[in-house]
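In what follows, subunit A forms one complex with subunit B and a second complex with subunit C.
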Partner chain A sequence: MLRRARYELAGRAVSPFLSRLEGWRRRLRPRPGRSGRGGASPFGPPLEAARKLKELMTAHYFQGRFAEGAVPVAWVTSGFPVELLRPLGYHTLYPENHAALCGVRRLVPALSDAAEHEGYARDLCSYARTDLGSLLTGETPAGRLPRPDLLACCTNICQTVLYWYRALAARLGVPLVLVDTPYVYGEAPPHHAAYVRAQLEEAVAVAERVARRRLDPAALRETVRLARDGSRLWGECLETATARPAPWTGFDGFFHIAPIVTLRGTEACNAYYRLLRDELRERVRRGVGGLREERHRLLWDNLPIWFAVREVSSLLAARGFNFVCTSYTNAWAEAGSRVDPDDPLGSVGLAYTHVILNQDLPHRLDTLRRLARSYGVDGAVLHSDRSCKPYSIGQVDLKERLARELGLRVLLLEADHDDPRAWSSEQADTRLTAFMEAFA
Partner chain B sequence: MSAAALGVDAGSTTCKAVAVDGAGRVLARRVEPASPRVEEQVERLVAALRAEAGAGPEVPLGATGYGRKRIRAGRTLTEITCHARGAFSLARRPGLLVDVGGQDTKIIRVGPSGEVLDFAMNDKCAAGTGRFLEVILGRLQIPMGEVAAHAAGPAAPVPVSSTCTVFAESEVISLVANGAPLEGIVKGLHRALASRVAALARGASAGGLDVLMSGGVALNGAMVEALREALGRPVAVVPEPQLVGALGAALSVLPGAPAA
Partner chain C sequence: MTRREYILAQRARHGRRALAVLPVAYPRELPTALDLLAVELWGPPGPPRSDAAGRIQAYVCPVVRNALAFLAAGGADAVDGALFPHTCDSLQQLATLAADLGGWSRPALVFQHPRGPGRASTRAFLDGELRALAAGLERLAGRALEPERLAWAIDLHEEIDGLRAALLDLGPRSGLGERARYALLRRGEWLWPEEHLAELRAALAARPPAPEAPRGVPLLVTGYVPEPMALLDVLESAGARVAADDWAAVGRRVARTRTEGEPWARLLARHEALPPCPTRAADQAGRVRHLEGLLDRSGARGVLVHTVKFCEPELFDVPAIRAAFAARGVPVLHLETELEVEPPAQAVTRVEAFVELLSSGRAA
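Moving on to the complex of A and B:
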């Protein structure tokens, strides 16, 4: 009871506290320009919503510190239908999102070393190594992560998650629910949909047992509606970048994606995206861009390079290149289109089966073509991600098709989404600069 | 004829500098092993060139190569753009440029005006570059100038792995210890390197393009032959292949050069 009260208080008190702290900070010293160098920055004015985002995510991780013993805790893959867990009162933690946070803070080499020391190969996904390393060492930029009562894994993003979560289950001794989504060629046939739906029903039974609660159908419908609306709101945020100039950069989107990944199906998530969307629309109306001068518009494919987002975006922004759309941020906007609150399990099963990484290459190509056309891009950077093979396979063909069919200049950039040991700044600089020189 | 522009290519293995006339013809050149003190070396080479070609301080300098950011130049461009421009000015036709340098191998699809249409480079590993040959031939005590003679004999090539320079070196030591003929090993090395370069070329090639070769490794006739075999197409070497990057840098500061 006391723990529960502490958990609720932690969730409610942090945002107002941080907001007041920011107010004091602003009064004490004026906010510098985005680069910290005032007028020299190639970026437009920072988004006001960014402060709210920081509050929201800090509150989420802070509340997590008090979740253990207060509410059931689940560790969840980014592609798991979290809509099933929220009505059961779970506090959810996303190891992928946490690993991205570790990547931004450049903590991955140390955490990965710990995992490698334990025998995990360096060829494994850097998210998996970071998560296992964090578990082994207890190191986290979030202060402390709540231990899970349940692990929830869906194979729609890759097969690595299956082995990663099995390793977690063995180490933590907690139940693992697994949703296996057959790979989609064209459209999932009815027997695939039935297979996924049956697994969702089994997952619900396990999650109910762990939470010691029954799933309330009305609450499930409401969560599914919130998740669908959240996904649509995120899509509306992204669509503002079809304007010229785009009101933000695609790399801003990499950070503002956090709520739709980790808080999907909550009103807090949707409230945040309404705020962000309105600000972006207002910037479009006033002609305020993500860059001071947007000369070329680009598409980004694959995950961000978390530890070098700033480095890459600054290099490009200095010459007026903006990533106005990314297939990664777009993926979270598409998920909502198939979701129907009146058929929660069936529609959620279909939606999560049809995520971009679980669909064939023609679908990838169609998505990239559609993005390139609707956002009016002149070029594309395909990040060949050492850690994400399902996302990177086929990029040589995608590159060739985008160049031939749409006349785009396309660069294949080799890197890793989380591990800076697979990154060479100088080599990346030469490739990106040569790519930009070719636009003159 | 007096110089109209100077170009420097501060590469990973050698530093190259040229002076060109208004038509882009090379009037004077300098090539030296790369020094870690890039600024000093470039300053000295450029001063020598200015003296030889009669170029006063008003004659502009273009810079490229690994060390380009440390050079005070009128314009700084990447090696990819400079190699494309340099090679195009010599060949006067579009095509696929294969530049095998000390630590970089670049495959550049050059368009009808000398512009870069597409490019691919080796990443993270120098096993497909001149460094591969340099390390292993050094181990075999074969000077670069004598390589072609060693590869010309009738011996059949001995297969050598191209995955990693360090492992290939130990592999070659074992081959020598087991009595494999030196000529066969040298041929095998060239074949291994050519297969890496050809694999990279396939990634950037639209097919059917003329293949041009530049970079220091193009001076090695055995390598040109091995590449021709690996690509299954004729390979033409541009004149003074080592100077192509520096030439492109000089052309980029000539009046009327493209904006990039």
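Moving on to the complex of A and C:
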């Protein structure tokens, strides 16, 4: 009871207070601003919602410190149908999101070293190495991560997560629920949908046992509705960038994606996106752009390079290049389109099977074409990500098709989403500069 | 006779169509029952056969890059279709890359393994995948799958697996050197199964009646594929022998059970009876127990973990394998190769040093 009260207090009172305190401190400090090369910032005014985003995510991680023993805790892959866990009272933590946070803070080399010392090869996904390293060392930028009671993994983003979560399960000694989503080549046959649905039922049984409560169907429907609405709201935020100038940058989107990944299916998530959408629409109405001067509009494919987001965006922004859309952030807007609260398990199974990484390359090409056209881009950067083979294999052909069919200038930029040891600033600078010069 | 010549000869003599099969596991009984010659494509080793390898990034495993190069260069133009088992993320992507964006214009079939522990849903899905694959193969073969013919194919492959298991267990007592023994085992990757069975029978019939006790340091080898094959020569000349085989391409595809009953149920049971393999997302703890059992039964004194560069399924298990054998005081050598034609000098040196350490009774 006491732990539960502390958990609730941390989320509802202490965390908001700390966030306000941090806000006051920030206001007292001189702001460095988002500057490009040459001093004056090429970016438009910062989004007001960013402050709320920080509060929301800080609160989530802060509350997590008190979750252990208070509520059931699940560590979850980003593509797991979390709608099943929320009504059971789980506090969810996303190791991918945590690893991205480590990437932004440039903690990955040290954490990965720890994992590599344990025998995990550097050729493995850097998210996995980072989180395993964090587990081995106890180091985290989040202060402290709550130990999970349950691990929940869905293979719709890659098969890697299964190996990664098994390693976590072996080290933590907690149950692992798996939702295996067969890859969709063209159309998924009926036995694939039946398989996913059956696994969702199996997953619920395990999650109920761990949480020691039964899943309330009405609560499930409500969570599914919230997740669907959240996905739509996120889509509405992204769509504002079809305006010229786009009211924000695609790289802003990489950070504002956090709630739809980690708080999907909650009212807090939806409230945040209503706030963000309204601010973005207002910026469109007033003609305020993500860049002060938007000369060229670009598409980004694949995960961000978390440790170099600022570096890459500043370099491009200084010359008026704005990433107005990304296939990665778009994926979270599309996920909800198939969800139906009246058929929670069936529709959730279908939705999570049909995420972009679980569908064939013609589907991916169609998505990129559609984004390129609807956002009016004149170029694209395809991040060839050493740590994400499902996202990266095929990009050489996609590059050629986008250039040939849509007349886009396309750059294949090799990097890693989390590990700066696979990154050369000088080479990236040269390649991106040459790419931009092609637009002259 | 090259594989291409063999495929053409099979077509000319028996009217048999052929199917290229990518690694690793697939229900061999189905193509056999439909009179389709399955010819496996493990790369092939060596430099890529065409520039198409450049369509896949250099940080992807050479099996996948070489396969695309080979398919795109027309290397498999003697076959009528290709089967892409869903072995890993990279092979999954290859299936859509080659078939949808260029490189393979003939029928492309997929076979997805259920990933995860044996659950009711898993069995139902596997059954569905087997039947879906059978339907695709029927179209390719231009004939219907008859239950009697499927039962015959299962019997045939059970007998083959029994003889392959015997050959693996006999090791040098088979009278064959390591290279010759593996060459024979791997001919099963492309020979018509009845011919492979005949070769296995002949080899086992010709084994010495009273073989000498095997010489050389016994090793447990686990990994992906015994390529380069010259690695076996290196082992032998260093004074080691493969006492227990857990290569995905060889030992891990031998089901050591006999099944009975209705053919589809037998097919399912055979697939489930395969040794644990990370490419089928087998449970890691179960795999480690299996390896420990292999070590104990074979008397192996060291473990050689032989992976292909960038192979995530294998690489994720390496720490657990290392830890398990370290706890038992069993030395482990992790060797990574890249489908070279000859073993790199560094690999040779490491193998020699490892065997030397084992010979002298010191842990690595």
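Definition applied: the second predicted complex is superposed on the first by the 419 of 440 C-alpha atoms of A that agree within 3 Å, B and C clash if a C-alpha of one lies under 4 Å from a C-alpha of the other, contacts with A are read in each partner's own complex, and residues count from 1 in each chain.
Simple rule for what comes next: a contact is a pair of C-beta atoms (placed from the backbone, for glycine too) under 8 Å apart; a residue touches a chain by one contact, two chains touch by 3 or more.
Here the structure is a predicted model, which is why all the values come from computation and not from measurement.
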item: Combined model on subunit A: subunit C and subunit B, fit or clash; value: fit
item: Touched partner set for A:Y185, first subunit B, second subunit C, both or neither; value: second
item: For subunit A as apex, the angle formed with subunit B and subunit C - C-alpha centres, to the nearest 10 degrees; value: 70
item: Partner chain(s) touched by A:S374 [first = subunit B, second = subunit C, both, neither]; value: neither
item: Contacts of A:S337 with subunit B and subunit C, given as first, second, both or neither; value: neither
item: In the superposition, subunit B vs subunit C on subunit A residues touched; value: C
item: Which of subunit B and subunit C A:E414 touches, first, second, both or neither; value: both
item: Which superposed partner A:A121 touches (first subunit B, second subunit C, both, neither); value: second
item: Partner chain(s) touched by A:S425 [first = subunit B, second = subunit C, both, neither]; value: neither
item: First (subunit B), second (subunit C), both or neither touched by A:F439; value: first
item: After superposition on chain A, the shortest CA separation from subunit B to subunit C (Å); value: 6
item: Residues of subunit A at both interfaces, subunit B in one complex, subunit C in the other; value: 396, 414
item: Interfacial residue positions of subunit A with respect to subunit C in the complex; value: 118-121, 123-125, 155, 158-160, 162-164, 166-167, 170, 178, 180, 182-183, 185, 189, 191-192, 194-195, 198-199, 202, 360-362, 365, 384, 386, 389-390, 392-397, 401, 414
item: Residues of subunit C that touch subunit A when the two form their complex; value: 54-57, 59-60, 64, 86, 88-90, 92-97, 100-102, 110, 112, 114-117, 119-121, 124-125, 128-129, 132, 278, 281, 283-285, 309-310, 312-313, 315-320, 322-323
item: Residues on subunit A engaged by subunit B in the complex (per definition of touch); value: 396, 403, 409-410, 412, 414, 422, 424, 426-427, 430-431, 433-434, 437-440
item: Touch list for subunit B against partner subunit A, complex; value: 66, 77-81, 115-121, 123-124, 203, 258-260
